[in-house]
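Chains here go by letter, A, B and C, matching the order in which they are written, and residues are numbered from 1 within each.
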Amino acid sequence: MQLSKDDLLKAYRMMKTIREFEERLHVEFATGEIPGFVHLYAGEEASGTGICMHLDERDKIASNHRGHGHSIAKGCDVDAMMAEIYGRGSGLCAGKGGSMHIADLSKGMMGANGIVGGGPPLICGAGLAAKQLGTKGVAVAFFGDGASNQGTTMESLNLASVWNLPCIFVVENNGYAEATSSNYSVSCDDAADRAGAFNMPGVVVDGHDFFAVYEAAGEAVKRARDGSGPTLIECKLNRYYGHFEGDAQTYRGKDEVKNLRATIDCIDNFRDRVTSAKLVEKEELDTIDAEVGKIIDDSVDKAKSAPVPAASELTTDVYVSY
Amino acid sequence: MARNISYQQAIGEALAQEMERDQTVVIMGEDVAGGAGAPGEDDAWGGVLGVTKGLYGKFGDRVLDTPITESAFIGAAVGAATAGLRPVAELMFIDFMGVCFDQIFNQAAKFRYMFGGNAETPVVIRTMYGAGLRAAAQHSQCLYPVFTHIPGLKVVTPATPYDAKGLLIQAIRDNDPVIFCEHKSLYTLEGDVPEEAYTIPFGEANITREGDDVTIVTLGRMLHVAQEAADALSKDSINCEIVDLRTTSPIDTDTIIESVENTGRLVVLDESNPRCSIATDVSALVSQEAFDSLKAPIRMVTAPHVPVPFAENLEDLYIPDAEQVKQAVNMVMGK
Amino acid sequence: MSNSIQAICMPKWGLSMKEGTVAAWLVDEGDEISPGDEIMDVETEKISSAVEASESGILKQQVANEGETLPVGALLGVIGNADSSGEDINAFITEFQANYVPPADDEEDVGAATENLELEGRNIRYLKKGEGGSPLILVHGFGGDLNNWLFNHDALAGQHTVYALDLPGHGSSSKDVGEGTIVNMVEIISAFMNALELDKAHLIGHSLGGAIVLSMAITYPEKAASLTLIGSAGLGEEIDGDYLNGFIAAERRKDLKPHVEKLFSDPALVTRQLINDLLAFKRIDGVQHALEKVLASFAPNGKQSNILRDKLKDVSCPILVIWGANDRIIPASHARDLADNVKVEIIEGQGHMVQMEAATKINQLIDDATT
């Protein structure tokens, strides 16, 4: 399919921003300065990017605990995200949510979620709202192989199907749910196999291949906008880091991650393809690399020097009115 | 215009009037119409006890029957509320909250706070509670204390048809998540209800009877038990003041304290189980805020710490009655 | 049996009253009583007030006890004179009690339930009581309803056909007030009379209702048999803007109570139920907006805008102006120095709701003025 050069650069920038954001967090987290838990998306960029490239301001996404990539792909402000992860008052959620609850409803990002399987029902709701209000928007739930087993997910697939909702359910199957492999815990070989049980199309795509994801997503978005109902997309991919930062990943094979980085990295793949097809110049991508590097550096500096929320913020915004 | 209608009709009327007024109000739940996909009548049930009957005919696809998948459809109601709709979802029995509690207490209740004030979740979850219909342990509980505990939720427990209509309209117009608790034994209770739409603010208790001797704080169906006890006590020249909470979150602390400061004696009557109930909540509140006004220790009248039994005689023993309230009042009066 | 023995009975105040509680006797056995004297304080669900004597005589026996709750019509006490013997009194009581039937639970006064009319596309609730005699139309004031006249309906219905309506925006009438002007309200009253085929009626208005009926008499002189203006708007600039704004703004009982207390000379009349009923009214959809519109029209910025004082001299029908001397809402000074064709009665010790607190007196004055 044809992506314009602008689109190709946009996709690269998006993936690169996510990668740099996560890699930097990995380093910073190790210093002990970042509170709580973070769950890094590095390695999975093609999935979030390939799908979100089709979305606009009408559309909504809901994410999981590994939500930084989805947030960036949906257009959330990088500085505000970093500040949020650092627990500062200037954060995207005023420092009150943190990494696991990062959200920006104004951008249609309905939140990262600390509850596995928390997203799919919300996305049924967003799909229902789009349908009732006639916005022609679509709603995308991103979740993992672990969540694909959750009752909430199954129920949501069923509901989206019987109500014919404009929803897309994206299983980002990275082979591990926390420390347990999907081999063990998912009863079928492909999570996408379950789609048929809920009377919707299910496709498996190589989650390292931006273009494969982009194509599958394009069809699913079109289906949803046309009123033809939901789709399940399973992106088979890999995460480079642990379930959470601090996870030594001893459940993975020796050099497993090292090999993945060397052989199937989605950003390297993208770069190779677009440059060898002469769609984009190497220098243009290098420029983006440098710009992104600076943006991430700046965001960390800003976050580190931003003040924490005022003590009075403890009790604000529990209710609209009480 | 005032006329007598039932608690059930008052709720149905509130729903109909709000759906008429605001196109973004939608209803979803199991059998809220009934008959979906089946060859017989549309709107076959109108809710398991008929509260939503007739709405499907008026509002069509804004009345959505759901599969029996609470976590999905309650979660969908929550998600839809952040995306521009004002859903009124029905959790058929409050006892079913176990299968969708995450969507309520971890998602709906917390979005606004976790997202730094940048979220509004105007969802109403209507649900039936309470014993008396011999529906046994898994269909008869009073679980509003559990919701009351959660910051970010509002919890409403109307005791009369007038209150039910006004509080439900208020709930639908409220921009926070509201758990609207309907006592199933009150559905046939009739009362004076204006035809026009009206609201009742949350956090305003209703003093249904004034008296100087003892304050009875109560809610829901127990209001009527308190009134029965108060009538009997007045023959012994004990004048009870009855405070119907109407909402447990927010709770009208001022009215409770003002009343206790006047009477000096408190009995709290709550149909829920005793541990971590509204009875313990109000008692602790009053102990802390009005200790010096108390002339006697506070007495709580609640169900026992048991599941709701099936056998009729046992269920009747389970539910607090006027005699128990009388005994508690006599105790605080030192008789 | 001496026929100067009379019963004092539990009155019926308003349509829904079924019973009242004797709060306190205000006279002792053996005391002399004149008409209008307050004999006992009674509390009902809706309101607390005093039972006034309608006869003169001596209170011979207190039959009801303080704290007792009795149904409407029940015997409270017996009035006699110096000759009435103990035996006569006892016989009277025995006969009364033998014949007394308390009202049944679901009994409605025949013909006294409220009715509704569609006027100018809006629903108007009204009460009609009594038959024959000339028609009286009672028009309440800002924030009120036809029950502001609940101590007057029955008494006046003895000699007249009495109509009391809820103005638009009030009571159970439609909450659509149009532009909310006095002119709009006059049109409603005019349409009301036309619909009921009343060519002419005695127009009696309280507070804003006074300004409305006065305006009506000016606009439709052929429709006004007489005018009675009680604590009326329209006769001067001064009005308690704090009360008006406070009444509108108050959302909770605590906020509303101090304002409502200003209406009465005896704040004990302001029961919890009265406040609850007012809050329930204010919480009906459209009421806030209606009240704001009406206020903006007749008294913006704490001053009345529609002063008709100078037009009084041109009104040809008889005019009676009644005021409570201690009216805190509209000052009694507005009742002074009016045109020569106006009869004025200022009642000492009374406030804005004089037609409720001195009902016996007011009913007498209205009767005299309209018969």
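Some observations on this one:
Here, a residue touches a chain if its C-beta (ideal position, glycine included) is under 8 Å from a C-beta of that chain, and two chains touch if they have at least 3 such contacts.
Quantities reported herein were computed from a predicted structural model and do not represent experimental measurements.
When chain centres are taken as C-alpha averages, the shortest distance to the whole-protein C-alpha average belongs to B. The chain with its CA mean position farthest from that of subunit C is A. Subunit C has its Cα centroid 70 Å from the Cα centroid of subunit A.
Between the Cα centres of subunit A and subunit B there is a gap of 40 Å. Looking at the complex, you find that subunit B touches subunit C at residues 1-2, 162, 166, 194, 196-201, 204, 206-207, 210, 254. For subunit C in complex with subunit B, the residues that touch the partner chain are 116, 123, 125, 172, 175, 251-254, 272, 276, 280, 283-286. Within the complex, the subunit B residues that touch subunit A are 24, 26, 61-62, 64, 66-67, 69, 71-85, 87, 102-103, 106-107, 110-120, 151-152, 154, 174-176, 203, 250. The part of subunit A that touches subunit B in the complex is made up of residues 60, 62, 91-97, 101, 103-106, 110-111, 113-115, 118, 120-126, 128-130, 132-133, 139, 151-152, 155-156, 158-159, 162-163, 316-322.
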